[in-house]
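Please see the structure below; I have some questions.
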C-alpha cells in the first residue's frame, strides 16, 4: 500500500461555493476532465435546460446522458386509477426491447386489457436497537408497542405527506430490528421515511428508561437491494397485473396455444425455484428499467422493483389466466427526478405527473411488465416452433402426454 | 372483460417502412403522442446526434431522456487493468449520491486506493431439455458431457468473440437444465450467448438419438433477475474490490473509529442474513445504476449486478480490511449502448471505450461500489455520533463491552 | 407402466378391527413381515410398555426402534423458566456427538452458564383463499381484518388451549394467503392450529358475501419445511441463548483465544451467506435431533427447528459475547410422543414433563444448541492448532493482520 | 454473571476408564440421574442388546429411547436398485402419519408403482483457505486445479471407500471456499469426507508456495443445515421419484380429479416460492424422519434431506405426471447407527442392510416421500370437498374457470 503522504497531487473536480449549478461551472468541469483524461464531453455538454433546476438532484454536474426513448403501445389498462389506452415511453439502448413489449401490449390489449390493482403501499426505514441482552430487547420491544402513538407523533411531525402506520419487530439476540412502515403520498419516500424514523428513534432513545443504542438502518429495510423480506412484506407498492389471454387471440397474434403456454409455465416456475430467483416470471427488469429512466425514477430501485411472483391457471374454456405481482415496486410522481424536463414530459404522456398520480403510475408499471412477460414467453415458444417448422417443413403436432 | 371486437380504434405509433430512424419520424411520433395525450415532448426531442445511428439500440424512437451526469473522484484504483486516478461519471437524479460517493472515494484514495481483481468471467444461456423421465434425463446429461467438443464447436461457430467453456447441469425430475458458460470478449454478451446456445441446442436435438424437447431458457440463467445461483456460480464478471482503511485516515475524514466500524458490521451482516438479502453490504445499486446509465450499460442488469458479499476483518494494527465481491456484474465496453455519443464519451473518461477494456471497466465498477460502501457506513455511524454530540455537548466515550 | 389390473396380489399388513393395539397384533404383523421379507424383527419386538397406550401415536405398530441415549452435562442455564444445572438426555447413534456437546456444556457452564429467553411464541396454519381477481382478494382481506373478532371466536371455540392472536396476510394475484398465529399452551400445537383454522375458514366461507374457495394450507406455513418466512416471522418458539465466553476459561478448556474465535466467525458467517444457508451457525440440528428423539418431539420438525441466527461480538475486556437465536423451534411437553414411557422419563430428567413446562423446555433446547456451537467452533480451531503443533513442534504465534 | 469460582459443585456423569460400555455403568449413570433429578429411568433402562456394541455410536450411555415403529405398504417401486413391493418401517410418535403414507402407497402402487432414479451422488467437506488478497486467492485456486491429481491422491489414501471426484471453488474477497466432492460407498460419508479433506488440506498447506491458512469447514458444506447451495449442487444422493397418477385410480381411491390436483399445484408452488421454502412439495420430512429413525440414519440430516423440488404436468390423456426430486438426501447402509439391532432389522426388512445397498435405500426413501405427497395433497383437497358435502348435502360441481 502507498502510504498516505506519498499520494501525488490529485486534481480535484472544480466547484463554486457561490453557485455551482451554472452552465459555466459545468463547462469548467468538462474542461478539467478533458485535460485530465483526454475525453471530450461535447455530447454530454448538450442539454436543454438551465442547470439552476438541479440542486437536490445531482452534484458536480457536467451535462447529461442522452438515453434514447422509444414509444410502445397503446396499452389498454383497466386499473383503478389507470384507465384507458396508454402510450409508454421507454428509455433504453437495448434493441428489440420496445418491439417486444409492443407486441405484448397488442396481445393483452386485444384480449381486453390488463387489470391492475395496488394491493399494498408501504415505504420503510428499519433501524436496529441494540440492548444488553435478549430479555432487555424483548422488554424494549414491548415498550415500543405500548408507546406507538407517541412514536408515531414524532415521526409524522417531520413530514407533510408521510404517515407512520405500524412498526414490525424482528428479534435476534440482543438486537431489535424495527421496521417502520409509512405511506408517503406521491413520492417514493425513502428520504421522508428516513427523516421521520430518525426523529422517532431519537425520541425513543431519549425516553426509553433503559440504555439503548441504535443504527438508523439495520440492513433489513433493504434499501436498493432485493430481499426475501421485501417480497413477503412489501416495499413501496405491491401491485398486481392480471389478464385473461384468449386462446384465439394468442393463436392469431403469437401462433401458440394456451395449453402449451401453461405447460411451459411449469418448467419456468421450477427453474426459478431451483435457481433461488427473485422472480419466477421472465424479465420485469427490462420494462421497468426503461420506464424508470424515462420518467425520472431512481434506477437503483430496479434492485428491489424487479422482484415478482407469477401465478397463472388454465381455464376451463381454454383461455389462460395470467397474473404478475410486483411486491416491491418503488415509484413516485413527485420528488426525485420526476420534475426534470424530459422526465416530466414522459410522466405527462402517461397523465402521471404530480400529486395524486402515484398509484396510477404504479398500475401502469405493472401492466407494462405483464405485457412484456407475454411477449417473451411467446417468443421462446415460437422460436421453438419456428425452428421445428423450418426443419420439418410441416406443422408439428401438438405434444401428447409430455411431462 | 371487453370482448375483442368492441375495442375502439387505437391510434398506432407511426412507423416508416423505408427509414424509421430519422428526425422526421421521431418528430411525427412526438406529434401523435402530443395529439393523443396532450403532452409536449419538446425537451425529449432535443438530442445531439443523428437518429441514423440507433438501429440495434431502440425502436419507435422519439427522442432522449436527459439524465444529469455529475463527476466524482478522482478515485485511486490499483487494479490489474485499471491503474491510477479515475474521474467517475455518474448519471443520477438522486441528490447527495455523488457527494456521498465522492467522500468515499477520497477516503479510500487517501488510504492508498482500492485494489481490484476480476476473479471469474462467464456469461450464460441456460436451456432446459425435457426428457421422458429422470433416467432418460440422466442419460441425456451423460451424452452432453461426452459430446461437449461437438457442442462447443457448434456454439463457437456462431460468434467471433464468444467461447463456450463448460456446461453445468442441474437435474429436476425429467428436466435437465444446462447452463452454458461463455467468455464473450468485451461485450456483456447475452445475445452472443443466446445465439450460440441456440445453435448448440439445435445440434443436440438433431443428433441426440432419443426424443428430446427444449426451451432456450429454463429460467435458471437468470437473465435480468437476481438469483442465488448466480451469486454462487457467477454471471458476467465476479470482481473483488479491497481496501485497508487506515485508522487515522478514517478518524480524520469520517471521525469514526475502525473498531466501531467493525462492531457495526456484525449488526449489518446479521440484518442482511435475517432479511434474506441479495447483498450483505449497503447500497451497491446506487453507484452501479448511475455508472451504468452514464456509460451505456443495460440498466436492467442492476437486477443481477447489485448482488454483493462483503467480507471484512479488524487488523492487529487497528486498521480495517474491507472487501466487497460482486458475483454477477454484467458490463460491456462494446455493443449495447456503449457506442452512443454521450455514453461513449463517458467510457472515454475512464479510458474504457472499445475492445480490450471490459475488465478494466469491471474493476472500476467494483472500486466505485466499495467507495460508496465506506461513505454510507460512515454516514450512518456519524449520524449517530453527531446527534449524541449535539445532545450531550461533549464527545461520547468509546463504547465499552457492548454486544 | 404396469396397468392397474396386472398388479400381483400384494399381502396387506394385518389389522384388527376390534383392537389393533395389542402385543398379539404387533406380533402377527412382525410375522407377516418376516414371511414376506425374511427379516426377523426380534429386537424390534422388545419394548417395555403395553401397546394399548399407543392410539394417537402410531398405526400398524410392530415394535420399537431402540435408539441409544447418552447423558451430557450438567449444563448451567440461567433462563426465565429453566434455572440451574441440567443433565441432558441425547438419543443418537453418532459417536462423539455427546462428548462434543458435553465439552461445550462444561465451557459455557464454567463461564457462568447460558442465559435463555423465549422472545416469541406462535404456531400457525396458513390457508389460502382464492378469489376472482386481485381486487376481490384485497376486499376479502379487509373483510377478514374487520371480522377478526368473529373469526377468532370460531377458532378459539375448537380448543381448550389454543388462542388465535392475529392473522397475517400475503397477497399474490387473486390469492390471499392468511397466516393464523396461535399460542398453543404446552403442545407443539400443529393439530390444534389446524383444527381451529379449519373451523375459522368454514365460518369465513359461509359468511363472506362473495364467492370464495380455500385450501387449508397454501404452503406458506411451512409445516415440516424450512422457509425464510418462518425465520423472519417465527414458528413455534423464537428462543435466544446467550453466553459471555470468558477469555481465560476458553484458553484453559479449549486452548484457543477469543480474538481468534471472533476472527473466524467472519469467515463462517460469510460462508453461510454465500451458501444461502438456513443457519449461519454450526450444527444446531445435531443437538436438537438427539434431544427431540429422547423426549418424544416430532423429529420431522428438525426441518424447521434447525434454522438459526448467530450474532456475536468481541468485548472490550477480551471476552466474547455469543448468541444464537432459534426462530422456529417446535417443541411440546404435552401431546405427541411426550407421554410415551422412555420419552416421558427423559422429560422428567429435565423437570419438563406436562403442562406449564414448554418454555422451560424450549430454553433448554436453545442452551444445548449454544453449548454445541462453542464446542464445534473450538474443535475446528483446535484441529488447526493441533496439527500445527505436531508439525512444527512449537506454539504457533498469534496471527497478525490477517484478513 | 456468576464468576467462575462461585459455581457450586456440579455432580459429573460417572464414567469408567476401563470399560464404559457395560450395563453396570449405564445403571450407575441412571442412578445418579435419578438422585439428582428425581426421574426414574426404568423404561429407558430396558434394551435388548449388549452395550458393548455401542462404542462409535454414543458416549455416556444410559439406555434407549423406545420409538414406536409401524409398518406401511406394501409400496411398489420400479427403481434401478429397488424393485418390487416393499414394507416400510416408520418410527414415529405422530398419529395418522403411517395411515396417511399407507394410503398414498396404495394409490401409487395401484397406478403401477413409483419409478426411482439416483441421478447424482456426492458427499462433501468444504474448507476455506484464507489468502492475503483476492489476487492471491485466485492464484491459489488455479494452483489447486493444476494440482488436483496430487490432492486427490492425498485424499483417497485416507479411505478405502471414499473417492474424491472434483473440487468446486467459490471466491469471496481473499477467501477461497473449496468444495471437495466424494463418492463414499455405502456410508453417508461425512466423516470419511472430513478425514480425507483434512489430509488434502494439510498437503496443500505444506506444498503451496504462498502463505495460506484454512479452516476445515468454511460453512458452505452445509453439514446438518439446509442451504440453497446444496439444492443446486447436490449433497449425498440426488434422487428422483416419479409416478403417473391414473385419473380413474385417483377418483376411486381419493375421490378427486387429476385436473383439480393440477390446479391446486399452481397455488402450492406459488406459496412455496412466496415463503422462500426449502421444498415446494408438502411434507417430505415426515416420511424421511420416521424412516431415518427406524433404520439408524442420522436424524439431524433431516435438515438437509427434507429439501425437495416437485415438478408435475397434466397429461393429454387426463392422467397426472408427478415427480419429486430430493437434492440432498443423506443416507447410508453401513456405518453410523445402521448396525444397531433394531435399526439393522429394519434395514433388513427393506433388503438394504450392508454394502452395495445404499442406492436401493435412497430410492426407497424417495418413493416413500412421493407416496406421502400424494396422500396429503388428496387429503387437503378431500377435506375441502368433504366439508362441502356435509354442509350442502350434495356433490359440488366441478369448478369452472377458476383462477
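Order as written gives the chain letters A, B, C and D; numbering starts at 1 within each chain.
Just so it is clear, contacts are C-beta pairs under 8 Å (C-beta built on N, C-alpha and C of every residue); 3 or more make two chains touch, one makes a residue touch a chain.
Because the structure is predicted, anything quoted here is derived from the model rather than measured.
Asks: Between B-C and C-D, flag the pair that has more C-beta pairs in contact.
Replies: C-D
Asks: Counting residue numbers used by both copies over all numbers at the interface, does the subunit B-subunit D contact come out same (over half shared) or different (under half)?
Replies: At the contact between subunit B and subunit D, which are copies of one sequence, the residues are largely the same (over half shared).
Asks: When the centre of a chain is set as the mean of its C-alpha atoms, what distance in Å lies between subunit B and subunit D?
Replies: 37
Asks: Compute the distance, rounded to whole Å, between the mean C-alpha positions of subunit B and subunit C.
Replies: Result: the chain centres lie 40 Å from each other.
Asks: If you average the CA atoms of subunit C and of subunit D, how far apart do the two points sit, in angstrom?
Replies: 15
Asks: Check each residue of subunit A and list the ones that touch at least two other chains.
Replies: In subunit A, residues 133, 170, 172-175, 228-229, 232, 267, 269-270, 272, 274-276, 280, 309, 311, 323, 399, 402-403 touch at least two other chains, as defined above.
Asks: Per the contact definition, I'd like the list of subunit C residues that touch subunit B in the complex.
Replies: 228, 231-232, 263, 266-267, 269-270, 272-276, 280, 309, 311-313, 315-317, 319, 321, 323, 399-403
Asks: Okay, in this complex, where on subunit C does subunit A touch?
Replies: 80, 115, 117, 119-120, 133-135, 137-138, 141, 170-175, 228-229, 232-233, 238, 240, 242, 276, 309, 311, 323-325
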